[in-house]
Structure formats: structure tokens, C-alpha cells
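There are structures below to look over.
Two complexes, one shared chain (chain A), two partners (chain B, chain C).
On to the complex of A and B.
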């Protein structure tokens, strides 16, 4: 590991910039409305940058490259889905949602269905999805700080938690908007600039390609330092030089032959592999071999039924985006429905530009940092590549830049999620004033942070996938039917939210809890969207059809409000912001 | 060319007041939830939903067809475009501009729909 000074400097700089921009905007932020939605005075480009900044989380910045390193081309569906989700959102919900005039998803549910019950269920779902999405951010922050500076994992999470609570509690959404916009551009720069140097170094290195016929190998004699205990699998016998504890014996620079099968290395162990050796892989990963890695539908991670899994993942990501609470709240900061659409269009362009880069990192990581497959810390690929490939002072500086970008990713996504979760908590649980918003902000962060302490080995992308799957099976049907189908009833919506959200939560909780990953059952549990989303729609439609006497009395007026362009002078009822006292 | 331009008499357009009145009438129908108002709203919802579903279906075929293509035509994975295997090229590069183009088309089209509809309501 190189000098941690640069990493510390990078994290400090991002933190200071965040706090400074946040407190600068604080001077303009004085009313309750300012706190929640920036008084709706943010232009499309600013707003789109802010949405991009908020949306590109640890999963995008670190997770995608790590997944590509391990599993190959199938993982490209993650960035494609993250982006395409915005197209679905643009086409089906963006403008009507903005025109609904509500602040949060529960506000929308209440305004459309005129029911406190649906509002309460929606509030619970927002908090649940928000916490699920916050959890991996803290895990990722811990990983980044450990790789960059060597401090223990919990400290990174704690740092992010404290900064987020501070910035949310002092500035609310208004300051968040500026901070988020800044962080999109920081993240883009932090990935794009090192890529140029990485590619030049790769070119100078004789453009090494991957050997298609073999699993990844060490290009040169490589020493791997184990930072947390790891159980790994050797697929090709190899002689290593070991220092530290391996398979229950302590060695001091001893040469030892590793046979095919599982081995356990303890924290602090150092294993030196000769050039050309096949890289062993952590037991929890089942990386694709050389041939499968470059080809689609390889059954990433040894999972069965890759075609089903791919389609289910596509469904979860395409239809889950619209149900993420921190994404929706951003649309209320557009002045009108037309601006909401234009903002979404710009978001698609910004995301497309960003997602060109993680792929490059993933492929280069397969060539230059295959040892991450052994330690299992594949999410660290983006952080390690600059030092490994470019090296020297330039490598350190680029490494610091990437670290800054990663830290920005945690900060911005966590802030956005915290604002949404806190908004719901303060309106529906506490009383709804500014002071309560601050209390709610602290509460919103504390719970997932505490959970993250006990969940050290969670894969960032897996949990983020869970959040998308739950959102797709709950809020997606609520929004689509609420906006486009007049006959949706409160009972139907409540039933669909409970059944869809409940099934999706149960399925992925079972997967993370260690349920089987093989066979049809494993595939259905690990990627539940393909069956939970249709079930949720079906329940909402069937129950609504049987409770037609409960169609909300003002539904026609509500639909006028959602769909009629603002340029037509209509009578518009004031929006429902919070529940009646 | 040397002829002086013809004298044109300009008359204050009485139509403006008429249009203002009808403008009130069209939106009035919607405000008061009359049958005519419902017809207006129904036509707007149908047009917009048709456009939205059209865009979604197009992308369902374009993107949703890819896994099926990869599954049924494994040879596709060995095709190389600009130095990249075709699946990498499609999913890593081509998808993004295509999505942005789809979004741009939708925004243009939906704004046109809304303009036409507002004109329709105001003309009544």
C-alpha cells in the first residue's frame, strides 16, 4: 500500500467542499419549503447534475467495475439498467408526478387515493427502501477509507454518517442541490481523468490482452496482503511464499505448495505468487473463467438460469428507478412538468457519459489487479488501479482523485436518501417543523449505520439490487396505475403495496440471509422482480376492480391536475402537502 | 420593383376578445367536469399513453431482445466491432446514446402533443 497521505487529503478536501457549499447555501434556506424542496427554483441543468450526483452511488462508482472484473459482460446490464430506468421514468411518470405538486411519495399516495392508510404504508416503504440503500453506502465508505488510508472499516461509515447528518440538518434540500450538482462533476472527473492515464500506461505496456482460454493469472510475481480473514479456493496447484497465518499454521517467509481446494488466510498474511500462476478466488465469489467472462449469459457467480436472471434484473432496474425515494423527491424541485421532462433528458445524457468509464476500469482490473479475486475485495478495483498501473507520484495523485470521487459518491447518495427518509419520518412520525426535520435526519442515518457495523462482508451491489427490486414491486405499480388508471382504489393500492413489497423484501432477505442460490428456487429468490412486479400489478388491478365503490371521489380532478399542461389556465387546487391535523 | 408597396389597412382584431372568451370556455368545461371536459381529458390521456407505451415497447424490443439474441445466436459474442466483442460494444457503448436519443424524441413528441391539445381546448 502506498502513502496514505494523499488519500487522507482527498477525503478531507471533499468533506470540506461539501460542508462549505452546504453552509453557503444555508444563508438562503430559511423556510420549511426551502428545507424540503429548494423552493422549486432550480434550473434543469443544475437539477439534472444534482440528480446525477445523488444517483451515482457506491454501487455505480465502485461496484460496477468490481462486478465486471469478477463476472464479465453480463454485469454491463447494471449500468444499462441504471440509465434506462430514467427513460421509463421520463416516459411514464416524470411530468405527472411533478404536476401532482406533492413533496414525497406518501404525499402523492395520499393526494391521488385520498387515503391515510395508503399514505402510511407508502411511508413505511420509503423508510425501508431508504435504509436498504443507505446500508451499502456505509459499507462502501468503510471499504474506501480502509483501502485509501488503512483505518478500520467502521470509521469510514461513521465519517459519512456524521457529515451527512450535519449537512442535512443545517441546509436541507437547498444546500443539498448545490452539493449534489458539484458532486456529479467531481465523480465524472474522478473517473474520466485517471482513465486517460490508465489507457496510456496500458498502451505503453504493449496493450496486454486477456487470455481467453484461461482463468485470470498473475502477470508478474505478486505479493497479496490479506486485510481481513479470507477463505479462498485454489484451482491450479501453486508454490507460494507465505508470511503470516495460513491454514492454521504461522509461517515466516516459507515456501509452501497450495493444493487444489479451499484454504484459509488470516488477517495480515502475505502470500507471494509467481508470474503466470492462476489467481485463486475467494470462496464467496465464483468468478467466471476466461472463456465465459467475455461472453454473455455465462451464469455469473455460478448462478443457474442466467437468461431468467438477466431478464429479472432488467425488470428490477428499469422499473425500480422510479420507486427510489431519493430520485422522486428531486422532481419536485423542477418549476413545472415540462422542466421535469427536460431535466430527465439531461440526466440520461449525464448518466450515459459517466457509465462509459466503469467498464474500462473493470476490464483493466481483470488484467492488472486479479489478486482482488483472492481477497474478495473486488469493490476496491477502481481505487487500486491508478497506483498499480500508472505508479509513482502520478499514480498516487490519481489514486487520491479516485478516492475523492468515491467518497463524494457515498456522501451524495447518503445525503439524498437521508433527506427523503427524514422528510417522511418528520412528516409522518414527528410533527413536521424544521426542528423535527433535524431530529429525523439523525434518526434516518443512525439505524442503517448501526446495521452496517454488523454487516461487514455484504456485497455493495447485492443490497442495492434489493432496494431496486423492492421499489419495482411496490412503488412502480402504485405510480403507473395511479397516474394512468382512473379506477385504482385505496384498497387495491394498499393490497398491491403490501403483497408486492412484502414478497420482494422476503425474497431478497432470504438470499442475503444465505438461502440457496442454485436451481430455480435460488434464481427466483436472488432476482425476484420478474415474478413480484407482475403479482403486485395483478393484485392492485384485481382488488381495485372488486372495490369500485371506493374509487376516490376527486379522481377526475386529480387526473386533470396530473396531466393537463400548465400553459392551460385551469383552476388548480392547492396540493396536499401533509396530513390534516 | 420601383412600385411603392401597396397600402394596407390594419384593423384591430376583434378576434382576440372572442378567443379570450373561448379560451375561458374550453378550460371551463374541464374545470366544471362536464362531459365535454371529460372528452378533452380522455383524448389527452390516450394520446400521451399511446406515445409512452410506443417508446417503452420500442426499447423493450431493442434492449429486451439482446439477451435472447445472445442466447440463441452464440456466434454474436465472437463478432468484433471496433476492436470490441459485439456484446461489450452494444452494452458498454451503443446503448447510452440510443437511450438519450429515445428520450429526446419522446420529449419533442410529448410537448407537441400538449401544444396540440391546448390549442384544441382553447379553440372550442
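On to the complex of A and C.
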């Protein structure tokens, strides 16, 4: 472990900056309408930076590199899908939804279907999806603070939770817009600057690459410290020096031969491997050769049915983005449709530029930090690489920069999600008004934080992918059919939301709960979008067709409003909620 | 929270509003606008989904090519994967151009007509 001072300084600096910018903008925030959508008065570049800042979460900052390290090139579909989701959102949903004047998904559900029941179901789904997306942010924060300073994992999550509740309760959305824009550029810098040094060091090192025929090996004598109990598989017998508890025996700097097969190391154990040894893999991962890792659809790392999984992932990410509560509301901050389109183009450039970097980290991690495959803490790759590859004071400083960027990622995404979840909670559960909004903010954060305490070893990008899958299986059909199909009924929508959202949630719960990941069952549960999204559409259409007498009475005029040009005098301004005097 | 959409009963019967809706909905221009919107939205979605799905398959068939190394661990597959960002951007640009050229002016026209009527 390196000197924790720099890590502590980095985290403190990001925290202070976030709070300062937040309270600076506080005085602009006057009405509840300001709180939610910043009065539609933000320019496209600011807005796009804010969207990027809010969107690039723990999954993007840490998770993508970790997945590429473990599973190889197939994982590029994560960042591509995260980005392309905005295209789908723009083309199919953004403009009509803006014109509806509904701020949130439940607002839309109620307005389009004229049903409180559908509104309530939509509210529950928003909260579920928000919590599922918040969970990995806390897991990532715990991991980051532990790597940077050595404190226990829960402390990082707690820190993020407290800051988010504070900044959301005092600033609302307007301040969040400025904070988010700042966070995007911080995150980009925090990954881009170290990459330059990493690549220089890699060049100086003779540009090492993987050995195609075998799994990654330790390049030099390496000591691996086990931070949480881990069960790992040895594929090539190796002599290690062990301190701590291994396979039920406690050693003190004893040399021990590890045979092929499974072994269990307890928390605190230190294993020293000689240079050239094949890196053992955590049991949940499977070793893959350099060749498999570099080949698309090879199933490298132990993912069965890679073609199905990739298609399902693409569907989840493309069609889930529109159902993420913190993404939709951002499109309201554009003054008109043309600005919304320009914003989307800028967003695509900003996201594409950002995702180059986690990819490079993932590739370098395969060479320089393969020991993460043993401990299973692959999400730590981005944080560890600067110290490992550059080293010295420069390595420590770069490490601190990456830590700061990671914290920016947790704070920005958690803030945006918390605003959305709290908005729904305060409107539908605690009944409107700013005071309740603050209580709701605390509630929105507490639940996923508590869950994160018991979920230490989840890959953050995987969990975020599951949140997308649930959104795709619930809100995607609601929005697409709601906007483009006149015959949708309240009963049909409710049934589709319950069946699609319910099935996807069940699959997600099974996966997080540790259900099998192998075979067809494992693939279907781990990537549920490809079957739950069509089922949700089917249920909505079939049930609606059988309940045509319940087509909402004002559907004609609702649809005209959704599709008429927004500059028409038809569109009323969205309701402005005054703060109680 | 009440919404500005027509859904809530208290916004339901404003006769002036009602006639404006009817006028718009029946107008030739509005129908053209809806047609043009649909004509880009659905084909575009189908085409880009097909493009990504086909790309996944192509990557599988051409795996010898995909695993060629450019430098170190950087393979052709990796670079081709990253090019998907560019293709997403190109598709979006096509849509934005279409919308700016074919949808916005028509919407403006409808608005002018309506405001002309009102005077």
C-alpha cells in the first residue's frame, strides 16, 4: 500500500469542491420547478457536460476497465451501449416526452393513461431502478476508499451517501447542473492524464503484450494481499510464500506448493508468487488465454453463450437508457427540440472520448495487475495501475488523481439518481413540497447504502447493466407504446409493467443473490433483457387489445399534444410548484 | 402533481383549446409532419439495431482478423469495437440533419398558419 495521504487529500478536495459549487448555486434555486429541471435555461454544451457528468458512474469509471481485464473485447459493448442508448432515446422518445410536459416517468404514465394505478406502478419501478443503480455506486466508493487509504469498505459508501444527501437537500437540480458539468471534466482529466504516463511507462518497458497461449502470468515476483476471503483456482502448480491463513492452516512466511484445483485464502493472507507464474483466478471467474481474451464471442473469463449474452446486453443498454429516471429529466433542461438534438450530439462525442480511457486501462491491467483476477477485485484496476506501472511520487500523485475522479463519478451519479428517486418518493409517497423532498432524499440513499454493506464482491458494471435491463423491460414498452400506439390501455400498461419489470427484477435478484452463471439458465438470468423486453411488449399489446373499452377518453388529444410541434400555443407550460410560503 | 397533458379532467373542456386541437389534427401539414417523423424514426431504429447485431456476428466470423495485434495488447477487434462510437455518432448526425431539414420547417409552417388564424 502506498502513502494514504494523497488519497485522503484527493477525496477531500473533490468533496469540498462539490459542496462549494453546490452551495454557490443554491441561491438560484427558488421554486420546486427550479429544483427539478433548472427552468429549462441551460445551454447545450453545459447541458451535455452535465449529462456526461451525471451519467458516467462507477460502472464507467471503474467497472468497464475491470470487465475488459477479465472478459476481454466483448465487454466493449458496455460503453458502446451506454452511449448508443442516447441515440435511441433521442430518436424515439425525447421530443414527444418533452412536449407532454411530464417531468418524470410516473407523470407521463398518469397523463397518458389517465390512471393512478399505472402511475403508482411506474413510481415503484423508478424507485427500484434508482436503487439498483445506486447500489454499485456505494460498492465502488467503498472499494476506492479502501484501495486509496486502507479504511474499511463501508466508510467510502457512507461518505458518498452523506455528501449526496447534503448536496441534494440544499441545492436541488439547478446546482446539480453546474456540479455535474464540472464532474464530467474532472472525470475525463482524472483518467486522461494518467493514461499519458501509463503509456510512456509501457513504451519504456518494451511494450509488453500477453502470451497468446496461456492465461496472464506475473511479470515479476508479486505479493498479493487478500482483503476479503477468496476462493481461487490454480491451473498450474506453483510454489508460493504464504503468510496468513490458507486452506485452513495458518502460515508465517512459509513456502508452500499450490496444486492444481481450488484453494481458500482468508482475509489478511499474503501470497508471494514468483515471476512467470500463471495467475490463479477467483473461483467465480475462469482463466482464459490471451488468444481467447482478444477474440470476440470466445466466452473468455467464463461467460457462457456469449452470442446470446452480447445481444441481450445490447438490447438492455440501447433500450434501457430511456427508462433511467436521472437521464430523462435532463432533456427538459434544453430550451427546444433543436437544442435537445444538439445536446445529444455533444453528449455522444463526450461519452465516446471518455470511454477510450477505461479501455486502455483494461488492456494495460491485463498485463500489469493480473493479480486482481485472483482476488476478484477487478474493479480496482483503474485505481491501482498508476502506482503499479509508474510508481514513486508520480505514481502516488496520479493515483490520487484517479481516486478523485472516481469519487466525482460516485458523487455525480448518486446525486442525479437521488434527485430523481427522491422526486418520485416525495410526490407519490410523502406528498409534495420542498421539505419532504429532503426527507425523501435521505430515504432514497439509505436503502441502497444498507444493501451495499452486504454486497461486497459485485462487479459494478454488471449491476448497472442489470438496472438497464429492468428499465428496458418496464419503461421502454410503456414509453414506446404510449407515444406511438393509440390503443394502449391502462390495464395493458399495468400488466406489461408488472410482468416485464417483475420478471427482470426477479432475474436480477437471482443473479445478485448468487444464482448460477453457467449454462443457459445462467446466461438467461445474468442477461434478462432479450426475453423480458419482448414479453413486456407482448403483454402490453395483448392485454390492451382485450380491454379496448378502457382506452383513455382523452387519448386523441394527448397524442396530438405529444406529436404536435412544441412551439404551438397548445402546449401549456409545465406546472410550476411554488415552495410553501 | 398535475400534468399539463390532457389527461386530467380539470383541463378537459376548454372549447377554444378543443377547436385548436381539432384544427391541427385535421390539417394536411400535421399529417405530413407525423408521416415524415414516422418515416425516419422506425426505419432508422431498425437499421441501426441490425447494424450492431450484424457487427457482433461479423466479429465472430472474422476472428482471425479480429485478434491480430496492432501493438502490444491492442488488437484489431479492440479498435473495431471502439469504431462503434463513431458509427453511433454518424447515425445520430443523419437523424439530426433530417430533423432540422424536414421536420422543423414544417412545424414552423404549422405554427405560422395557426398564429395567422388567430389574428
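In the analysis below, the second predicted complex is superposed on the first by the 563 of 581 C-alpha atoms of A that agree within 3 Å, B and C clash if a C-alpha of one lies under 4 Å from a C-alpha of the other, contacts with A are read in each partner's own complex, and residues count from 1 in each chain.
Keep in mind that, in the parts below, a contact is a pair of C-beta atoms (placed from the backbone, for glycine too) under 8 Å apart; a residue touches a chain by one contact, two chains touch by 3 or more.
As the structure is a prediction and not an experimental result, all values here were calculated from the model.
Per the definitions stated earlier, placing chain B and chain C onto a shared chain A by superposition produces a clash between them. More residues of chain A are in touch with C than with the other of chain B and chain C.
Applying the stated contact rule after C-alpha superposition, one finds that A:100 touches chain C and leaves chain B untouched. When the two structures are aligned on the shared chain, A:427 is found in touch with chain C, with no touch to chain B.
In the overlay built on the shared chain, the residue A:314 is in contact with chain B and with chain C.
Within the superposed three-chain model, A:87 lies in touch with chain B and with chain C [touch as defined at top]. Contacts of A:437 after superposition on the shared chain: neither chain B nor chain C is touched.
Of the two partner chains placed around the shared chain by superposition, chain B and chain C are both touched by A:338. Judged by the touch definition given at the top, the superposed model places A:556 against both chain B and chain C. In the superposed pair of complexes, A:207 makes contact with chain C only, with no contact to chain B. Overlap of the chain B and chain C interfaces on chain A: residues 73, 76-77, 80, 83-84, 86-88, 90-92, 294-297, 307, 310-311, 314, 338, 341-342, 344-345, 348-349, 351-352, 355-356, 359, 556-557, 560, 563-565, 567-571. Listing the residues of chain A that touch chain B in their complex gives 73, 76-77, 80, 83-84, 86-88, 90-92, 95, 294-297, 307, 310-311, 314, 338, 341-342, 344-345, 348-349, 351-353, 355-356, 359, 484, 556-557, 559-560, 563-565, 567-571.
Those residues of chain C lying in contact with chain A across their complex are 1-8, 11-12, 17-18, 20-21, 24-25, 30, 33-34, 37, 40-41, 44-45, 48-49, 52-53, 56-57, 59-60, 63, 66-67, 69, 71-75, 77-78, 81-82, 84-86, 88-89, 91-93, 95-96, 99-100, 104, 106-108, 110-111, 114-115, 118.
Across the complex, chain A is touched by residues 23, 27, 30-31, 33, 38, 41, 44-45, 48-49, 51-52, 55-56, 59, 63-64, 67-68, 70-71, 74, 77, 85, 87-88, 91-93, 95-97, 99-100, 102-104, 106-107, 110-111, 114, 117-118, 121-122 of chain B. Those residues of chain A whose C-beta lies close enough to touch chain C in the complex are 73, 76-77, 79-80, 83-84, 86-88, 90-92, 100-103, 107, 110-114, 202, 207-210, 290-291, 294-298, 307, 310-311, 314, 318, 337-338, 341-342, 344-345, 348-349, 351-352, 355-356, 359, 363-364, 366-367, 427, 432, 552, 554, 556-558, 560-561, 563-575, 577.
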